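Each structure below is given as structure tokens.
Here chain A shows up in two complexes: once beside chain B, once beside chain C.
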Partner chain A sequence: MSVAFARVGRPALLFVASVLFLGYVLAPIAWMVSSSFQPESEITSVPPHWIPHAPTAENFRAIFTTGEQAVTYETRRQGDPATGHFIPSTAKNLLPSMGNSLIVALAVVVLNLIVSVPAAYAMAKIRFIGRSTSVYFMLTTRVIPDIALVVPFFLFIHKLGLLDNLWSLIITYLAITVPFSVFILVGYFESLPDELDKAARVDGCSRLQALLRVFLPLALPSLVAVTLFTFLTCWNEFLLALMFTQTPASQTMPIVVASFASDFTISFSFINAAGVLAVVPPVILAIMFERYIVSGLTAGAVKG
Partner chain B sequence: MARIRFAGVGKQYPNGFVALDRLDLDIRDREFLVLLGPSGCGKSTTLNMIAGLEDVTEGNLYFDDAVMNAVPPHRRDVAMVFQSYALYPHKSVYENIAFGLRMRKHAPSEIDRRVRDAARKLEIEPLLERRPNQLSGGQRQRVALGRAMVRQPAAFLMDEPLSNLDAALRISMRAELKQLHQTMQTTFVYVTHDQAEALTLADRIVVMREGVVQQTGLPDEIYEQPRNMFVASFLGNPPINFLEGKVRPDGDGVCFERGALSLVLPPHIARKVGSDAGRDVVLGIRPEDVDEHSVPRDGEVLHGRIASVLPVGSDQFLGVEVDGKQLFFRVGKELHHREGENVALSVNVNRLHLFDKASGKTLVW
Partner chain C sequence: MSARSTALRGIFGHPVSGYDQRSGMLLLAPMMAVLLVVAVFPVVYSFWISLFDLKLTRPHRVPFVGFDNYVKVFHDALFWSSVGRTAMFTVMAVSAIMLIALLMALLLNEQFRGRRFLSAMLLVPWAIPYVANGLMWKWIYDSGYGALNGLLYQLDFIDKYMVWLGDTRKTLPLIANAFVWKEVPLATILLLVTMKSIPADLYSAAKVDGADVWRRFFHVTLPALRPGFTLVMIYETMMAVRHFDLFFILTEGGPAEASHVVAWEVYVESFRRLSFGTGSALAYIMALVTFLLAFSIIRTMGRKL
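Presenting the complex of A and B:
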């Protein structure tokens, strides 16, 4: 009985559980993608159409052409029929805001790596007084919720005259992401043997060369993990962006998409099309680094 | 090329731990020096200081006449072989060996020539394109040696390089290392906790304990004339037997007494302890310094009961209980002993060691 269960029952049970879990995780995404190809009239049908009966790309066309349309209280009802005539007044900000998000996220990724890689190497491989304390102190800064930091951050950014400027986001996102990045990298560098560092230095590397020529190539999986974590944090961040940005010049994608839901009228299919676009960059990133992600997330747990 | 000199060198960590206490040591050019001691004795710290991987916190370290205290590792002309080999996992064997030369900006043709030359000497030519994780322990060991060899350094540092190899390979590598030293004509500093390795390889041995040098000398000196009980016990397998007792005047000479046991000390020992008769001492008998064949003479015999018989192929170890203490002796295997038997062993008294009980220092040399 138990042998038969082990051979057939257990895998079957695991399979069913996996399917249920995947369904739970993926159903909202499937609905978002499906509905982004449906007109507003179809999206509200009961029961919902998981597969569009009359698929349309009008939502996307609307996003990429709204730039030329002036959407006002008077004209919005004459909007594109595909969207149910309801294009949000801030629709034309979507593409520029995605550009802003991309600039901020990439800048933070690059600056974050420049700061956290040497910091993590020093904390992992150079013995100094207060070394482990500083690692944990950095991490404790991350248990403070962002909402508690908003006011000090705001005053800081205001004094610097950076309100409504992308730098306000880059600076504050670095403050959020660097400690965690350092923590991940310290764990990984520590898992690489000290003797490797010593061998490199006896072989003729300065500290910096040992880091660049020996540790970085070996730390690739954890660098990918840090890059993804940083990029996604910046790409999704809402609260600080809401506080520091006021105009399309610096607004990021989450702010603009959120504004679609608080307009005069709401087009769910249009919002979902925007959602699909918002998902694209992280997905591309995930596909690019796919083979490093799992090893990066488990880095340090298993001995390399 | 490189004489390495420690002048009152100390190492204290920020937490107050003293890893090395005022070391004075002169490593001669082209010498094979072995630093021997248990873990935590400061031998690796000493080696790392030569490499520049640990700061000198007191005194001066010289290469020839230049003070090296503040010179970083990459500006010192030394190569190092580590216990874990520390090969770069992301580089091929070829690149591992070439790395030090590339960092020092040698011409590519020169690098290629030296790498292939070293690979040929170490018989790892077919492995040059492999990655370290595709090699056996012995092969990795050779690559690590190759990486150090190609540099043609002024000093060759080795930190327990054979500890991770299996026993048979370790013995054959010892011979190769000795040969390598002869062909390379450079200073070797070798760290180990294995006394057999030290005795085989060294021109000179430095025995260390808790950051303090216990004795420096030729391998034979260290083995035959240990300065204290620690050195005596650290070398030899099975280790030397210690028996606590007293010295008493006996006619013209001096004898060692413990219970019913009485051994006449030879003149060279008697001379040293003559005036101190009656003091507490510790007698040291090496396991091989007994003889069963010769007829025991009075004052040179140990009576005991055999507690264990441990054959080891070539010969056998006898555990003999003498006055409530078990001592181990190495005897020929042609002798048949059984546990519980009484035995009388003739002691080679000329090879006895005698230590002061309080200080542990030798009373003989």
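Presenting the complex of A and C:
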């Protein structure tokens, strides 16, 4: 009985469980991708076409080329005679908004590392009065809900004249990313032996030199993890961007995509295409750097 | 005893060199400056605003009203009903997350071919933006052409297409489902780590005692997972209570206030009614509740250190 189970039952059970697992995780995404390639006549079919019968890249072509051609009421109608609401004139905003998201995310990553790395090193490796207070302080700031920051941020940003400016996002995203980065880095620095620090000091390194020459190279995996978390947080952030950006000059990807999704005259086929483009960069990063992400998440949450 | 325990317990009693004191504070200074400006200042400022009747529709007259905004919030029936909806959303979402994450972690804890692929795919929902998650589910739930209707219709569970998000009884569970899908991966990863730290001896001892699979699960695995469950529960509760994005994208608080949760109320009060005073009071109440939850997080983590 038990041998038979090991031969047939267990693999069968694992196979069924794996299929259910993958179905749950990937089916919604697969449906989004499939929908993004369906022409208007297919996307409105009942029951739905799970796989497009006549796939079209029209939505993607529109997103990548509408910058050159004006979309008018007539061309929209032409685009789809059945419904008359196919591709919005704001389609051309999607690529620039992805550029904005990229600029903000990269700027925050750099500033975040400059601020977090020395702080984490000091908390993990230097004995000084105020260290434990700073650890508690950092843990406390980590849990402030972003929605509680929105109104004061708004007034603050308004006073500085930074509304509708990418700087408003760069500054506020530091608030939501720095505590988490420090948290992960402290855990990692602590796992490196104290003797390294002592040896560097004996060799005549200052604290800063010990950090830059000895610890940074060793901490590379955690730096990768922190960079990824910060990048993804910025790329995905919605609430603050919704408040502080008003025109395409500063709107980030989530804002433009949400504006498509809330306009009921826009075809779902097009909305899904925008969704696919929003999803591709984070998914590629996550799969490429899976190990770093998993070890970073577990270190940050469990060990820390 | 990790090095962290000394960091948390404080260092009094150890000699501190002047150089260490200076360099420590210097290295810490940039982070402290940033957090003071972008985290502490807004929290204090927010409390200050909540004491005034600040309306953007009337920017030149801002009377001091003390705690009137809080009194107003506590007397608002809509506030209490939204607290109820937030609580319901949180309970539904967090319990579903823990159940699904437990099943997924049990699977990933086994050794079999394809396990690496599954754990890589697990990161997909975690990585994507909430906006994309929202529009994806909005389309799945679509009453005209959506996948949920299509699937149930083809499987003969329903004989005609139904209204999903527009049905006030189904709205909150459906939004919770979209939230759960995106939050399950992190919970799975956290539970899996706890699972891997269970000593194998415990299982062999239970086997020797004649415990079958179920007994081993209920008497060894589940109790050993408690710290993981606690962490997931507290973290996901905090995330669910403050969640805003899906409510904006899927329903905008509707239909007929069926998804009008506290986070949505903060947004509507501040940015649609432009009443920053009461909006701040609301946000402050929310932050305080979150701080209470956070306090328990730090305590649970402190116990483990």
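Here, the second predicted complex is superposed on the first by the 249 of 304 C-alpha atoms of A that agree within 3 Å, B and C clash if a C-alpha of one lies under 4 Å from a C-alpha of the other, contacts with A are read in each partner's own complex, and residues count from 1 in each chain.
In this text, contacts are C-beta pairs under 8 Å (C-beta built on N, C-alpha and C of every residue); 3 or more make two chains touch, one makes a residue touch a chain.
Source: prediction; values computed, not measured.
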Partner chain in contact with A:145 - chain B first, chain C second, else both or neither: second
Touching partner for A:51 - first (chain B), second (chain C), both, neither: neither
Touching partner for A:118 - first (chain B), second (chain C), both, neither: second
Chain B versus chain C as contact partner of A:217, first or second or both or neither: first
Which superposed partner A:282 touches (first chain B, second chain C, both, neither): second
Touched partner set for A:43, first chain B, second chain C, both or neither: second
Of chain C and chain B, partner touching more chain A residues: C
Chain A residues contacted in one complex by chain B, in the other by chain C: 127-129, 206, 304
Complex contact set, residues of chain A against chain B: 127-129, 193, 195-196, 198-206, 209, 214, 217-218, 304
Chain C-touching residues of chain A, taken from the complex the two chains share: 11, 14, 17-18, 21-22, 24-26, 28-29, 31-32, 35, 43-48, 114-116, 118-119, 121-124, 126-132, 134-156, 171-172, 174-175, 178-179, 182, 186-187, 190, 194, 206-208, 211, 232, 235-236, 238-239, 242-243, 253-254, 257-258, 260-262, 268, 271-272, 274-275, 278-279, 282-283, 285-287, 290, 293-294, 297-298, 301-304
Residue numbers on chain C that touch chain A, as the complex places them: 2-4, 7-12, 14, 16, 19-21, 23-25, 27-28, 30-32, 34-35, 38-43, 45-46, 49, 100, 104, 107, 110, 112, 114, 118-132, 134-140, 142, 144-147, 150, 153-154, 161, 181, 185-186, 189-190, 193-194, 228, 231, 235, 238, 241-242, 244-245, 248-249, 252, 263, 266-267, 270-271, 276, 279-280, 283-284, 286-287, 290-291, 293-294, 297-298, 301
Of chain B, residues touching chain A in the complex: 14, 48, 51-53, 72-74, 76, 78-80, 82-84, 86-90, 99-100, 103-104, 147, 151, 157
